[in-house]
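As written, the chains take the letters A, B, C and D, and residue 1 is the first residue of each chain.
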Amino acid sequence: MRQIIKKTASLIITLFIVSLLAFLAFQIIPGDPTTKILGTSASPEKVAALRTQLGLDRPVWERYIDWLVSFLKGDFGTSYNYMRPVRSLLADKLPVTVLLTVMSFAITAAAAIPLGIVLGSIRNALADHLTMILDQIIMAVPPFFFGIIACYLFGIVLKWFLPGGYVPLSASIPGCLSYLLLPALSLALPRIAMTVRMLRGSIRHELTQNYVLTAQSRGMPLRAILIRHVMRNAMIPVVTFLAVSAAEIMTGTIIIEQVFTIPGIGRLLVSSIGNRDFPVVQAIVVILAAWIMIVNFIADLLNHWMDPRMRSE
Amino acid sequence: MSLLEVENLRVHFHDAAPDRFAVDGVSFSMEEGDILGLVGESGTGKTVTSMCIGGLLPRWKADTQGSIRLDGTEIFDCSQKELNEILGKELTVVFQEPMTSFNPVYRIGRQIGESLYVHRKDLSQSQRNELILDAMRRAGLYEAEEISRRYPHELSGGMLQRAMIAAAIVTNPKLLIADEITTALDVTMQARIIDQLKRLNRESGMSILFISHDMHVVNRLCRQVIVMQRGRIVESGLTKEIFANPQHEYTKRLIAAIPSRYSGR
Amino acid sequence: MRKRIAVLLTSLALSCALGAGPGATAVMAEETKNASSGNAELVVGLSQDLDNSLDPYQITAAGTREVLFNVFEGLVKPDTDGNFVDAVASEHSVSDDGITYTFTLRDGVKFHNGETVSADDVLYSFETCAATTTNTAVAGALSDIQDVTSSGNEITITLKEKNSSFLSTVSSVSIVPADYADQATAPVGTGPFRFESYSPQDKVVFVRNDDYYAGAPALSKVTCRIFEDANALYTSLDAGALDMALHMSLDQVNSLSNGYDVIEGEMNLVQALYLNNGKAPFDDERVRQALCYAIDIDSILELTEDGHGAKLGSSVYPSFTKYFDESLVGAYPYDPAKAAELLDEAGASGLSFTIKVPSNYTPHVDTASVIVEMLSAAGINASIQKVEWSTWLNDVYQGRDFEATVIGFDAAYLSADALLQRWVSTDSSNMINYSNKDYDAAIEKAQHATDDEEQVAAYKEAEKILSDTAANVYIQDLADFVVLNPKFTGYEFYPLYASDFSKIRPV
Amino acid sequence: MKNRYLLTGGILSTLVTSVIVTGYFWTPYSTTAMNAREKMQPPSLSHWFGTDNFGRDVFSRVMQGAGCSFLIAVLVVLIGCFAGVVIGSLCGYFGGTADLILMRICDTITAFPAILLALVIISIAGSSVSNIVLALGILFIPSFARVVRTQYAGIRDLNYIKAARLEGVSVPRILYAHILPNTLPVLVPAMTIGFNNAVLAEASMSFLGIGIQPPMASLGSMLKDSQNYLTSAPWYALGAGFSIVLLILSFSLLSEGIQVSRNE
């Protein structure tokens, strides 16, 4: 229990540091949000007036503290670029990215675990080499390259899916899910390959353990041994890896949302950095960082729960 | 009809040299209630023989000839499904390394009850728990409740081996194969385990095939003994007679190898 | 056990592939299904997100002005030939001395919120525009107004002094309902289309204004999908998810495979290699002229636009026929030897400089790449620095911290002033620090010229000075391609950044 | 068992490296010369990967692009690995507050969206190759640091290290002469995975437009530019894309081969 408190404390500290770094980052990057709002031919007095209105002329520390206080109270400030509260912007866009991440994670788990079990338990040399090569190739394909090719192949040639034709969940559930299937797949593919490789190796290793022989000597059929005994042990390293890849998938959406034109926070982050829209970037950076930290935290907890040997430390 | 009849058993491993047989024509038999010792230096085919009897030798590793009849059924003719009916119910095995024989992620109590889970699906959970605790006490683990909730890495080698024995006797099998079960333990724990086995044999009439390279332990436990060398039986008979005047050179060396403090008795 | 899992896997893979098929296309078809019946719906691709505020006086980005052209109208509005026709006003007249303008309010013109337009709304619009517009040129023109009075449905505007391009300013004052507060997020105007909804980075939807005085447009609904990534827009268009796309590049148009119609026009902007006249080495006129000789405009057009771009010699684009001076186009024929000679003369033979170019405008990046390659062949070492749009605005446009850049300047409203006023030495947006007394005098004369000929002559004189002093290396007005689904027709180009959806109708 | 991976990995990586090395000195066509007549040519004997929208030979640009991506990836891995080893060894070996602070910094770097960090560095110092390498290098330090830290924490208490300490061997020698060699079996695969991720990271940065500046081109920036001509000149995108795949595949197969032969 003490460890959990220590970990949450370090998580919060790191989040503070990340938000501070993001804040300072914007002092360094050239480009002033007022030019985007007032346009190129604005008179200097108008620019100065807007800067004071947005509070940009106050010292950095003061602004950071103000931002922090209001952020903790749940007020993320208003976006310079869209003149709308950041909260409402994120309320539209965060669910899209979360849905994409969840779908991609589900595809990874649903495809990799059965495949890993099958490959782990059969003793066929040819299948081994084949999947090994396939794994290597899939891991070598950059997600956005797969995205481009998928858009071209499925979109333009086969016309199975209309790239750029994102359908919001509110409009039609099947439409939205089937649109997000391909982007989720291009995010999931490399992770499926890695998970299969890891799970197969882990199962192979566990099968050589003595407790499997003991179970056999109890008259337990191979399938029961695999599910009751081997899987529980083989899954321990894989679960941690899957948890970490859930974090990677979320950051991966930044690029995939560009390729498939999905209105999520990834695309919003890229355009907001471009527009020097501090409040939006701050909020997204903290959300992304929080997601990565929490996911790693869950990975540790899962590790402890699944492996009693860890618990006693 | 005797409990176990092994006739002209020959085992050849695929990756071994063509003429090299791990087990080269072994025959012996056991009656109900017998405690038979199978003794010899390591690598003389003792464990391979016991694995064959237990049907645990994977087919793709080695091919086997001869016949093994347990309680009348021919092991080699059994399909995997039929074998699974026997293993854990009629015949159980206890291995050398207690630490690794347990699945690290489950509690001891649950693992002891595994063979009940496989063979006695008719019992309710509470009935099974009763049998488990009873088996643990019979194997010498007296604070059964407390131990059953512990994890394998939280127990000593000796206690784990007792737990393995409990797991083996929970379904009251006819034959228990003990493969070098005392080798990994210190001397005092060895003596306690041996007495435990003797008491179990006396109380439930369960016959034991005890495999070891340690003549002293065999001497204390087994009524009959078979000495094996390079896959063949060189000598067999009552333990007292063999110890009194060993015929075969190899047996003499084995007996001589016992550290002086234990000889005599 | 293995067999069952294998079956599960193949069915999973199949469902992945098929799942994408029927579900997605069915939904998209519905959106464009009823194209043939009366209420045709058009899906347009926009390559830039809309501006932060949709208030007509706060709009800065050309992309936003172009789309909201369908929502807002002034008393008069430009037509496809660049003349001004009556809009909210039914008729207008100018006094002989060019000081008093009288407009008669068209009766029965309704705002999108149903209110009828009144003279007070017009007065309110002129006042608010003068006070709040972010466009300095419009603000400047409006400050010349003596007063605006109304009696019944007659509005009279008297100026302090004659301004021949005042009608263009009137066209840029959109008439809005008085005291309507949230134009920024829910704009209301008098145009052929009514604003319905906008979700950032996703889409903006316009609906037909049924009681539009000049007749309701053929399209019932226009959905503009927003893309930041030009490639994603192109892929979506090619796959048929869009019916129309604006400002496509030639390469994109050439590689379209969906059989859409391609309509060609000009982007109406002045693309040039703009040189920072205030900073060495380009403060020396001879070095600038050397660059003009060292860059072969024809091969740039050939490489970037396959010859489709329109060459130009100064800061006015060709389709603005009234002020375009054809003779300046060939002012600097391609002559690398003369360029080298000028460089030696100026003592800058080993010239090397960087071209900062905004990374999100592919046509400008391509032109810069061609220039760099061409100059290296002539021994001049130029390098490119792609910067983000915000950094370009801040460093180059505002901070003037650059040696050279490639960009295109368009006319915010239809007047030569919008293109040439910028290079007057005192103007706040004189990015290239150009300061030439004769030029300033020529512009002053043009703005206060009494009659048309005099004004055109003065503006042309200013253009000639720009060309003679080689202020910049003028390249082209980029070809502008609009791609339209063959199910629709009727799109027409305007001589300024505007795309009129009301002209589009189903075939 | 004949080690197929070592064989294929070895051949592929030598082939790729030789192509890249020649790319630094010689390419079939100049990678910058443009000529309008040769625009958008399909792959032919003269132009193996066809030509791009400026009439430049795609294969030559891919050779140089691969060289550029390869150089960046190698430098990034070196920075990440060197700094990672230093930080990881200190944390793993000494633990305590140093461990806490350094690990918190590593957590911050991992939690920070990569594109923002890259943008900050590039907008300060401009987007030359060295800045991209610096930006990516920093991003790769945490992964190496964590791997090295767990290794050092594991080996720290082994008897031969205690023995060395008793003999009065200096700490740096213990750290880098005794412990480091034993971390290699884990460090080498981490480096190859790092190499793959570095190539992907550079490609993604170029894809977002903050990577390599024209006329220089990396595989990532070429892939980005080629996306426009997908239907009319698919060979441009396929050429760039598959070169990335080949570059990554060859070295990951090599590392797989090394691993398989090592634990045989």
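Definition applied: contacts are C-beta pairs under 8 Å (C-beta built on N, C-alpha and C of every residue); 3 or more make two chains touch, one makes a residue touch a chain.
Predicted model, so just to flag it, every value in this text is computed and none were measured.
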Contact-richer chain pair [A-B vs A-C]
A-C
Top of the farthest list for subunit A, CA-centroid basis, is B
Of all chains shown, the one whose Cα mean is least distant from the combined Cα mean is A
Geometric centre distance via CA averages, subunit C-subunit B, whole Å:
90
Would you kindly tell me how far, in whole Å, the mean C-alpha position of subunit B lies from that of subunit A?
53
As a quick test, compute the distance in whole Å between the mean CA positions of subunit B and subunit D.
56
Take the average of all CA coordinates in subunit A, do the same for subunit C, and state the distance between these two points in whole angstrom.
38
What residues in subunit C touch two or more of the other chains?
231, 235, 238, 257, 360, 388, 391
Two or more other chains in contact with one residue: find those residues in subunit D.
123, 227, 230-231
Where subunit B touches two or more other chains simultaneously, the residues are none
By the touch definition up top, name every chain pair that qualifies.
A-B, A-C, A-D, C-D
Complex contacts: residues of subunit C adjacent to subunit A:
1-2, 5-6, 8-9, 12, 16-17, 19-21, 23-28, 45, 49, 52-53, 60-61, 134-137, 184-185, 199-202, 225, 227-229, 231-233, 235-242, 257-258, 360, 388-391, 393-395, 397-398, 412, 428-429
In their shared complex, at which residues does subunit A touch subunit C?
29-32, 35-44, 46, 79-84, 89, 92-93, 107, 110-111, 114-115, 117-118, 121-122, 148, 151-152, 154-156, 159-168, 171-172, 174-175, 177-179, 181-182, 185, 222-223, 226, 258-261, 263, 267-268, 270-271, 274-276
What part of subunit A is in contact with subunit D in the complex they form?
10, 13-15, 17-18, 21-22, 25, 28-31, 129, 132, 136-137, 139-142, 144-145, 148-149, 151-152, 156, 251, 254-255, 258, 269-270, 273, 281, 284-285, 288-289, 292-293
Write out the stretch or stretches of subunit D touching subunit A in their complex.
4-5, 104, 107-108, 110-117, 119-120, 123-124, 196, 200, 203-204, 207-208, 223, 227, 230-231, 234, 237, 241, 244-246, 248-249, 252-253, 256
Contact residues on subunit D for subunit C in the complex?
32-34, 36, 39-40, 53-55, 123, 126-127, 209-210, 213-215, 224, 227-233
